[in-house]
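Next, two complexes with chain A in common: one pairs it with chain B, the other with chain C.
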Partner chain A sequence: MAEKPVSEYRGSIHQQQKDLMLDWYQRLDHAAETGDPPTVSMMISGNCVELLEGFGAIPQYPEVNALQLAIRHQSLEPILAAEEMGYAGDNCAYVKADIGCMLKGITPTGGRLPKPTLVLCNFVGCNTYVKWFEHVSAFTGAPLFVLDVPFLRNDTPSQADIDYVVRQLKEVVGQMEELIGRKFDYDRFRQSVAYSSEVEELWSQIKHLAKNSPSPFDAYFDAITLMGPLYVYRGKREGVEFFRAALNELQQKVKAGEGVYDQERFRVVVEGPPPYPYFRTFRDMFASWKAVAVASTYSTVGGLWEFGFRHDAKNPFESVAMHMLAQNVTNRNYLQRYDQIRRYVQEWNADGVIIHFVKSCRLFSAGQGDMRDYFTKQLGVPTLYIESDLEDPRYFAEAQTKNRIDAFFESLEHAKRTAAHAVSA
Partner chain B sequence: MRIAAGVDVGSTQTKAVLIGANGDGVEVLSRSLIDTGANVRKAAEKAFDECCQAAGVAQADVGFVVGTGYGRYNISFGHTQMTEISCHARGAHFLCPGTRTVIDMGGQDAKAIGVGPSGEVLDFVMNDKCAAGTGRFLANAAEVMGIGLDDIGPLSLRATRPVKIATVCTVFVESDILSYLSQGKKPEDIMGGVHLAIAKRTMSLARRVNIEPLVTMTGGVARNIGMVRALETVLGQKIIVTPDAQFMGAVGAALFSLEKLGESFESSVWREHAVSSGD
Partner chain C sequence: MKQFERTFDSLLEGMQDLSFAGVWRWKEQHPGAKSVAFFPVYAPVELVHAAGMLPVLLSGAGDRLDIQHADSRFGSFICSVIKTTMEMAMTGHLEPFDGLLFSSICDSARNLCFVIKRNYPRMYVDFLHLPHSTSDSSVEFLTEEYRRIVVELERMSGAPIQPAALRRSIALYNIQRSLVRQLYDLRAESPYLLRAWESYVLIRSGNFMPVEEHIEILKQALDYLPSRPGKKRDAIRVVIEGAFCEQPPLELIRLLENAGCDIVEDDLAIAQRWFTEDMPLTDDPVRALAESYVHRSVYSSVRHDFSKPRWEGLAEKVRDTRAEAVIFLIAKFCEPAYFDFVLFKKKVDEMGLPHLLLEFEEKLFTFDRLRTEVETFVESLVFD
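Then we have the complex of A and B:
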């Protein structure tokens, strides 16, 4: 039976994350004022943030802006503004929030966002982004470059796929040299790739800490906190320092036997992004059951590192291409995603899977009904399927969502009790 | 005798059940049913009060109360809450031993629940945030036709050529019905079509859990014989309905209450309540 929500883990890394992200927004604000540093609009999925370091440029992520807005309960106004303009009800709500912000002059922090030097559509997996970034380019007047990254069709990309992406990355470099007016610093790029490799190793170790029981952090909700620095600072020294501190803090928790809650009761794997407009409410629904996510696919949208992939400073362009092609969840096929979740359930010792279907994201969510069937019927893993949206608050029904989550944990509780009786008998 | 209660505050109606346990087994002492209305807290109190009065039991003598249904957190006197999903499974397992699938159709919900051998929830699916396939859909259809809700089921059984209802939208079904009325279709054929449309939608939902016999129907819509028959037609097998189908959530909640009081009991003692709809 559900209890009242208990406070979960709040460590110093949460404050450090906040400081880092605020600093990033301040740099964007400064860029809006002075044009320095150059900025590049990119998408999170399989991002190639290392490339920007070769120009001392920083990324802008429209998705991060959109989710920040939603967490602050401010996403509906821009969504409605975009719909008034003609965007359809079932368009991606991230797109509508972002476009609405441009129409209304809204930013998540209240600070300014610069006109990007380049709108770089690093299209992996989500073809809606091509249209989104075309619109960003049209609204801001910034030039657009669309990187064509082929879907991963086999276990690994072909050499032709890798060469194809590398050629395009070099084209981007050429275009940025023209736009910024200075040469690409290859050594700095290579150094950035080396930093990324270090960050990925630290991040991977952090994720594997969730195999401990109790898990020292929530690999869904807390992972989202850590994902900001992962995408903005991955190719920087600050990123290495942040993730080293995070790993150290979490290792200390493991040594002390501390978990997210005073007593961990359930371990789950979560598929899909959270309903950001109700982020706190949603987290409390898990907290009331002391249920911790030990792994999540959403935390691998930007990159999948816990199974061994690292950027490689010896082959920087090729490893960036490999990351974009094969080492992020959105560009991989569905069977690979099944396998990823299966490994999480088995290796991270989870009690069940929770799938959050996003109404306005057909591309990422389509097929999740089959995914549910695969886990419940073929593997016998209890799996809950809930629906709302990552950005549009109108799709979230609190009572219904809570009802489903409560029923799911009630059934897991019953199963545990029955198993315990069987053992004692 | 230990006395326990379950109160199921649904979106449309609130149900309360009192059960008692002694050495001989478990027996139902009383039931009550009232409209939920706007004041959920009062509805729960009233249902519980009526239930206690009907059994001649003082409220203070009720050892434990489990609240369920959407209004479960508004039950001021409840000791704890459980979802109606667990409660319907528990109630059906107890009243209809051997139940492996529960189809629960209430005012705003339609659910299919896979039930394990000890009454545990193995899996469940629910309707999306939409009233299609629920009691509300049938109520709207009845209202448009100007027929009482209790009469639409028997009426639908007289259908000889049920119409095709394309929509399962609770709002748009009204225009579908008006269109058929203007074409001169018979009310029983329209209602037959309405029931079949809901049955098909519910079964497509239910097939996402493994439908295994026995299939027991619970919730207020189980009182509608037309709906039961339509579901049986689509499913191709008998569906078990008990006179307490509407109280199943409250019964399950009361059983959980009894467990909280430390009672252990076998499900067979209450078996006489179970009847097949096919009889």
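Then we have the complex of A and C:
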């Protein structure tokens, strides 16, 4: 019998992140019970969690709820409930799972989720969010603020873009002050921005550790584990402590020459969100080839820090605006994503690119055929294109996906062997 | 009268002609002048016009072009208008255009903008961020965004856009929009004088010709129509909602009418109905354009004004036209329309109105199933 692949690294940081996330859910449960602390519904991507700290408020992320449900194999029931009330088969399944849960009172942990003090639609690049948050507000009765973040049409945002976002951030502050009946604590906000920049530095260093061969962690699957604290605790001392511990642990692994597997056979870059309902199954498909993701675009949804951007406590509002406008993958234009992946392939020394098309998310997926064309034809980078969904278990074809992944690595292996042969000859 | 009926054939030909012969003709008549195509739903055509260019709607190829290449760039679960537009680009159909303008209507359309930009680097391809908010800062922002586009257009044409020229363009488009409003009023009042498919062709064809010509056509139609022979018929008054971007085949609009619906309102030609009132002619016309977008435009699934929910806009439309039913006509894979359907349907239910959901694709060839659905729906209302 073939040896079952050891498919993931389980360090102490995995337990720590679990504890942090459970603690967050408990605070949300407490908020549902007592109304304290105030909570704000936000989108992960380009989130301005630092602003919330100025009110001692905590974030609620509908996406995190949705993905938690999917990973626990509980997403289909709420999706069906939403479809019954009129959502289409082709609507984003994250939205359907979230709305379905809300209507049926289902939560990922079994605890309660509070009615948000404010539904803050920090729309960055995802048009679906505009609808999603409008629906959340309509169904919960919570007030809605749409923070309109101009899409990054050019390489960098214009001054008008930055001014527009800053003005709106200040409008959010004004609305929150009215809703909570408490003044915005500017110093606490600035402190939070400072914590964020520390966390971002640590996170960026972690990302760069994947340039080592073997990489000490999988920058797709393991990065997702670390993303929870990144979005909930980025602007807090606990976040700094967690990421310091994480960096330390991974640095030790690099020193010891330890990788994700006993031997690292392939290095890939992954584009697109994972199929959460089959997260483990999907991971094992890569594990059986000892293929490690050295970088991924999905882990930059909430922020892109490995290329140098940090929040800046000297200009807190402007830097929050910059993060929302230009430093997360979803508000950057499609060609900037090509370039991001190209840098990963070259600087992180990858053998190929895995493009995971997810039916739910057109932001990620519309045009990925062209992306494949760019990488295979223009750059000559081996590319695998597979399709499923991030939330709806009905769209995962296990045998077909596995066949395609196997065929891809077989051909990569063949190409490597041929190349090695050519060198030795 | 015969002349009027014949007009439809040539207008229809103009709006379905994938070789854009009319655009080529215009360019021949205006040596050196440029043409800029815009992807639905809305674009500030006044800016393009004031730059001395011809704005043309780019909205896919309907059933007139087989997809042979675009599938390899845009895979499953992506609507047809994205793919046929990409196919047009890949088969040389966009050559009459010097520039393409996209805006923030949905994620697929936005990615299409950048895919085309990569593949056709010599063309001016731009993305316009239209605000999803109606605060005062949105007006400030959009004014600056329009000024950015102005700079790009000036670069293309090699000449500055003078405020006076922009005011003239705004005045022209004000006339066009006011005539379109009159046509819709006439149809809502006397649907027997003008069928919805006819009004659709009359209005939508204006996207493929100079606005000056379109104004003349609309004036002639409005002069003639009140005296057009027509018979009142027993039909239910319906509002069509949801087909603001990808367009249904004309046959489908005819099918709805033949099945006993008087379409008294729709969002099929929404670009020419974007503003609820005339745009003011001010000293700063760029700002006037932005202000009008933020404060004086229609509700639409791709334009968001959270101070006034879109479902209230639909409810007003239904009340104003005394409609008896709503037909949601939604393109396959159109996410904005499908999301709005949930809350629109809720509102229509609260109003006690019957509604029907029909899904279409621009390249639809058989209509039997849809015909049965519509006929059953109409019968259930007539014999209720």
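Keep in mind that, in the parts below, the second predicted complex is superposed on the first by the 420 of 425 C-alpha atoms of A that agree within 3 Å, B and C clash if a C-alpha of one lies under 4 Å from a C-alpha of the other, contacts with A are read in each partner's own complex, and residues count from 1 in each chain.
Convention: contacts are C-beta pairs under 8 Å (C-beta built on N, C-alpha and C of every residue); 3 or more make two chains touch, one makes a residue touch a chain.
It should be emphasised that the depicted structure is a prediction, and the values quoted were computed from it without experimental measurement.
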| item | value |
| --- | --- |
| Room on chain A for both chain B and chain C (clash or fit) | fit |
| If touched residues of chain A are counted for chain B and for chain C, the larger one | C |
| Partner chain in contact with A:Ala160 - chain B first, chain C second, else both or neither | second |
| Which of chain B and chain C A:Asp373 touches, first, second, both or neither | both |
| First (chain B), second (chain C), both or neither touched by A:Asn403 | first |
| Touched partner set for A:Pro382, first chain B, second chain C, both or neither | first |
| Touching partner for A:Phe184 - first (chain B), second (chain C), both, neither | neither |
| Partner chain in contact with A:Asn91 - chain B first, chain C second, else both or neither | second |
| Minimum distance between Cα atoms of chain B and chain C in the superposition (Å) | 6 |
| Intersection of chain A interface sets (partners chain B, chain C) | 369, 373, 385, 387 |
| Complex contacts: residues of chain B adjacent to chain A | 70, 80-86, 118, 120-126, 128-129, 208, 210 |
| Sites on chain C touched by chain A in the complex | 71-78, 82, 104-108, 110-112, 114-115, 117-119, 126-129, 131-133, 135, 137-138, 140-141, 144-145, 148, 304, 306, 309, 332-333, 335-336, 338-343, 345-346 |
| Residue ranges of chain A in contact with chain C within the complex | 85-88, 90-92, 95, 123, 125-128, 130-132, 134-135, 138, 144, 146-148, 150-151, 153, 158, 160-161, 163-164, 167-168, 171, 333-335, 338, 357, 359, 361-363, 365-370, 373-374, 385, 387 |
| Parts of chain A lying in touch with chain B, wherever the complex brings them together | 1-2, 369, 372-373, 376-377, 382-383, 385, 387, 395, 397, 399-400, 403-404, 406-407, 410-411, 414-415, 418 |
